[in-house]
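Shared between the two complexes below is chain A, which pairs with chain B and chain C, respectively.
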Partner chain A sequence: MANMNLVLNVWRQKSANAPGQFVRYEAKGISDHMSFLEMLDVVNEQLIERGEDPIAFDHDCREGICGACSLMINGQAHGPRQQTTTCQLHMRSFKDGDELTIEPWRAAAFPVLRDLIVDRSSFDRIIQAGGYISVRTGAPRDANEILVPKTDADESMDAAACIGCGACVAACPNASASLFTAAKLGHLGLLPQGQPERMARTRNMVSQMDREGFGHCTNHGECEHACPKGISVAFIARMNRDYLKAMATQPVERDNDDG
Partner chain B sequence: MQLLSKAPTGPIETRWDRHRFEMKLVNPANRRKHTVIVVGSGLAGGAGAATLGEQGYNVLCFCYQDSPRRAHSIAAQGGINAAKNYPNDGDSVYRLFYDTVKGGDFRSRESNVYRLAQVSVNIIDQCVAQGVPFAREYGGLLANRSFGGAQVSRTFYARGQTGQQLLLGAYQALERQVAAGIVKMFARHEMLELIMVDGVARGIVTRDMVSGKLEAFTADAVVLATGGYGNVFFLSTNAKGCNVTATWRAHRKGAAFANPCFTQIHPTCIPVSGDYQSKLTLMSESLRNDGRVWVPKNAADCGKDPASIPEEDRDYYLERLYPSFGNLVPRDIASRRAKDMCDQGRGVGPEVAGVRRGVYLDFRDAVKRLGHATVAERYGNLFEMYERITGEDPYKVPMRIYPATHYTMGGLWVDYNLMSTIPGLFVAGEANFSDHGANRLGASALMQGLADGYFVLPYTVANYLGSTKLEKVSESHPEVRGAVESVQTRIDKLLSIQGKRSPDSFHRELGHIIWDDCGMARNAAGLTRALEKIPALREEFWQNLRVTGSGSELNQSLEKAGRIADFMELGELMCRDALERDESAGCHYREEHVTPEGEAARDDEKYCHVQAWEWTGDPSAPRLHKEQLQFEFVKPSQRSYK
Partner chain C sequence: MQKALTLLDTTVGKKAVMALTGLVWFGFLVGHMLGNLQVFLGPEKLNAYAQGLKALGPLLWGARLTLAAALLLHVWAAFSLVGRSVAARGQPYRVKKNPATTYAALTMRLSGPLIMLFLLYHLAHFTIPGVAMSSSYTHDHNDVYANVIHGFSVPWVAALYVLAQLALGLHLFHGAWSALQTFGLSHPRYNVLRRHAAQGIAGLIVLGNLTIVIAVQAGLIK
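What follows is the complex of A and B.
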């Protein structure tokens, strides 16, 4: 087991309205078996010992599925390792003497709340705009009456694997939420159950994404590269195709249904 | 305090139907006049809040995460059981009921378990209608698999992310109600107190985790769906934020806490690698289908490269001890045997605190038999996850695994209606105690969470609202103001100690005590020792804690400190419960009570009951109540996996 010493430049910001700045910390005796967040835990324990406020960061499951953890590490969302959330990134990806810059997600639609924590409630509002199938609890048909070709179910699942972390937004030069939105549209739009609302869902979710202040997609592909679940930009193409169709076929009497 | 289960009698097949008919309804026009608070947004809370919203109640839903989509239900991997019998392999509602009662080692309530098995089929219908992308056959039908040693294939799954997909289904249903303005969602809000008026649950006090603002919310009924308390061990497979505070605060207000010592230890987790470890990662149980568990026969070999240890020097101990089930023995047995091997000094991997805590789970023979491609297809994503965490390639080096705390069967006591001993306080999902007895079967947690949320609470909460006359409670009511003040006092106290030790350092120490003395194997001497250590540690906590910052800002240390304070009291109750239950049952393995084959020996004469504890004001002197359990349909027998 190797131990290493690192220098961290961490974004510190007391609250949403306070000015922020980078603060330099030394992380000493870090084991390469630690996860990145465990390394921050160790630094935080030392800060508490010195009577300083620990670094605030979002995290919960620490197994790569809840989507709470974030962090731009040296300019890369979730750090250098592909298809890995920050909580599953281990220190063996770094070497002794490395200097790391640790920042929150940067996007107008993700305001900083404190240090490395941002407000991602805009994602919830995109889902509220139509990211569901309108079915009440109670009396659906027998599950096996709905046949779903295996290839469709698999592709739908590829999109449904999105953990809503926001890395796609953070990595995008336009801070676009296209991959997030497209993943939900792809998940539901590939299933027979999702067909009746498919066009309205596309219109409404895309409009909400715009209203939240996310940028447009200009096909950089950074989002796919940063996505810890490897969700393909092909879903964005699918969303754009559906969006065109949805706008062209929008029923006249439903002009105002995008709220 | 009286424990009236209110479980119906008569033929078990019709109990729930008859009960549903007998329950009161609320006129649709009157529903919006009733406010229901739901704390927690996981499978039970999210599904419950969405469904109550659909029915027209005014719902306030709270979660500590930044979004309801992150509740820890999301991390469940394996699948969800349902008695659909699609594969035509002999499954039925009755068989799922039977397996669950037996799996729980005859410490659960038959009526509840039967209802669970019954509504399991509706859950799958509901989830498919919502668009949950379950695995499919080529013909488009749903795929099933056998899970956790079950003899029928009744488990539905969505890759290794079943919990995530079910939760997203509930989350989407919930957001639909939020969009409709019926459910109001409060993310980053933590419940810190229960408000009681005239002996009835009427609201909660929350802290806004961003601004620090304390707020009281009042309602006609309160639902706690706040998950389990596995984080009392500090290291567990739970998310870091999972905590007992909501249920513990309710316990302190009069809700009985049942069977707290029934905690499940999952056998296949990645071992601890150092004292900085913050959580343990579960590897799906399915790995035991093809992996072979072993340790070196000689302790001297434990530090060696496993490839250099010849076949005759390996001890495939599960295959040796349980020839018919082999590596597929139930969770509690696999876990205990791994501990035995390490206690004998035959564990592998790095030494942590002087002991190697790990056993090999070896795929060498599986790769030989099935080929690399087949193994990769079945377990590829798990192998990648293992490699990310440990830096070792399981195709070349055997995996190392060790048990970790995973699920808590104990929780707040509830009757058949999921109502606690406090009128108007309902408890759902892992937070209650009701369905899994002393041991939960694989793929049954998701089933229970959704059963409670989609199909039980909407009826039983309505019944309560329809049959109870409640005065309106304003925010200036003395009980409401008093509850807010008590939370403020407690926060001020935590901040004013200004001692030397961080919240985490106390939590780790508490976890060590519980793991050592109330973990996989317990005995009277260890439990008695823990019952001395925990109050002493709690005392130190309140003298020597250091929380930086203030209460009026985003303060993660303060959040932790409040939760640990409650874990300190719960931990003591767990040990007391384990000491009181002088038998072995399921996961509760008392070393004094072992069959000649080394398995858990129940004492049905003396302990065929639920132990429910009442708060008395002194954490070291709770009052014990017992709910006798009757087994009319599944006759208690000794589990055998030889």
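What follows is the complex of A and C.
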């Protein structure tokens, strides 16, 4: 087991409105078996022992499924490894003596709450804008009564893999939420259950995405590269297609279009 | 629940405007290049082609107005979106890597305005007498061929055109690639093809234009 010493430049900010700055820390005796977050835990223990404020960062499942963890590590969302969340990133991806710059996601629609924690509720509001899907109530229906072609089911599940972490926004040079919104739209839009409200949902979610102040998509592809779930920008093409179709076929909102 | 935004208030709608107006200009650029390549067929052919265009009268003006309108819309959407994009990041990163994108994509907001400046210069060059021609020559509205030869025989003018074409090439490459995605015309299976098509059309326009400038400089056409 190899131990390493690292230098961290960490963004520290007391509260949403306080000014922030980078603070330099030394992380000593870090095992390469640790995850990135465990490394920060070690640094935080030392800070607490010294009577200093620990570095605040988001985390929950620590197994790559909840989407809580974040962090811009040396200019890359979730660090240097593809399809890996920060909690799944092992310190063996770094070497002794490395200097790491750790920043929060940067987007006007993701304001910093404290240190490395940002407020991602703009994502929740985009999902809310999607509204409901129509389901038949009453007597239960037979299981698997609604047939879903295998390829559609697979593609829909690829979109559903989105954990809403926000790495796409963080990595995008325009801070665009197109990949997130497109994944959520693709997820329902590919299934029969998502068809009745598909056009209204696309229009409403795209509108909310823009209202939150995210940037536009210029097709850099940084989002797909940074996405810990490897979600394809093909979903953005699908969103654009559906949005333009929605505006061409149902340009005027109907009363029951709101979700 | 708030009302949905109108088409032109959304980023997707504005991108569609950019893509559509960009494609209008793609059409023009291909035609413009092919038409001008007739310089290699000699003075009679090129001057006859120019006379033919002029004879179109209102049709020609219709095309010019369409192009001007398309350009205005394109630039309007560009300014509006780029402004949004800058505000959307807010505080910039201290360290930011962009491993996936291209140089062309990252410099769209630079190559665009450069094309605009070049376009204005280019229009002045071939319509206003006395702009950047070789010193012994005066511009002649009825002799397009001579204007081209004298215009491109000045070395710094030729250099400027070459540089402008490089900016144009970058803009067109990412533009073509991006516009198809904006319209939703993309699929992982055909993306390699889409990339080659974007490179192909951008390369064709740039190379076609450049052969004229280079041929004049090399003395291949006089």
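Following the convention adopted for this analysis, the second predicted complex is superposed on the first by the 242 of 259 C-alpha atoms of A that agree within 3 Å, B and C clash if a C-alpha of one lies under 4 Å from a C-alpha of the other, contacts with A are read in each partner's own complex, and residues count from 1 in each chain.
Convention: a contact is a pair of C-beta atoms (placed from the backbone, for glycine too) under 8 Å apart; a residue touches a chain by one contact, two chains touch by 3 or more.
The structure displayed is predicted, hence computed values, not measured ones.
*Asks:* For A:V233, decide between first (touching chain B), second (touching chain C), both and neither.
*Replies:* In the superposed model, A:V233 contacts chain C only, not chain B.
*Asks:* Can A:H220 be said to touch chain B (first), chain C (second), both, or neither?
*Replies:* A:H220: touches chain C, not chain B.
*Asks:* Between chain B (first) and chain C (second), which does A:Q193 come into contact with in this model arrangement: first, second, both, or neither?
*Replies:* First partner only, chain B.
*Asks:* Which partner chains sit in contact with A:E52 here, chain B, chain C, both or neither? Use first/second/both/neither.
*Replies:* Once the two structures are laid over each other on A, A:E52 reaches chain B alone.
*Asks:* Have a look and say if chain B or chain C is in touch with more residues of chain A.
*Replies:* Answer, by number of touched residues of chain A: B.
*Asks:* Between chain B (first) and chain C (second), which, if any, makes contact with A:A129: first, second, both or neither?
*Replies:* Both partners, chain B and chain C.
*Asks:* Report for A:V148: first if it touches chain B alone, second if chain C alone, otherwise both or neither.
*Replies:* After superposing on A, A:V148 lies in contact with chain B but is clear of chain C.
*Asks:* Do any residues of chain A touch both chain B and chain C, and if so, which are they?
*Replies:* 129, 131
*Asks:* Please give the residue numbers of chain C that touch chain A in the complex, ascending.
*Replies:* Within the complex, chain C touches chain A at residues 1-5, 7, 9-16, 81, 84-85, 87-102, 105-106, 108, 174, 177-178, 181-188.
*Asks:* Which residues of chain B touch chain A once you look at their complex with the stated criterion?
*Replies:* 47, 50-51, 54, 65-70, 72, 74-75, 84, 86, 124-131, 133-142, 158-159, 161, 164-165, 168, 171-173, 175-176, 178-179, 185, 187, 210, 237, 239-241, 273-274, 276-279, 281-282, 350, 385, 388-391, 454-455, 458, 502, 504-505, 546, 548-549, 553-554, 556-557
*Asks:* Touching chain B in the complex: which residues of chain A?
*Replies:* 1, 14-15, 31-35, 37-38, 41-42, 45, 47-49, 51-54, 56, 58-68, 81, 84, 88-90, 92, 113-114, 117, 119-121, 123-124, 127-129, 131-138, 140-144, 146-150, 153-154, 156-157, 160-161, 163-164, 187-188, 191, 193-194
*Asks:* Hey, which residues of chain A end up touching chain C in the complex?
*Replies:* Residues in contact with chain C: 9, 22, 72, 74-76, 101, 103, 106-109, 129, 131, 173-176, 203-204, 206-207, 209-211, 213-222, 224-225, 232-234, 236-244, 247, 251, 253, 257-259.
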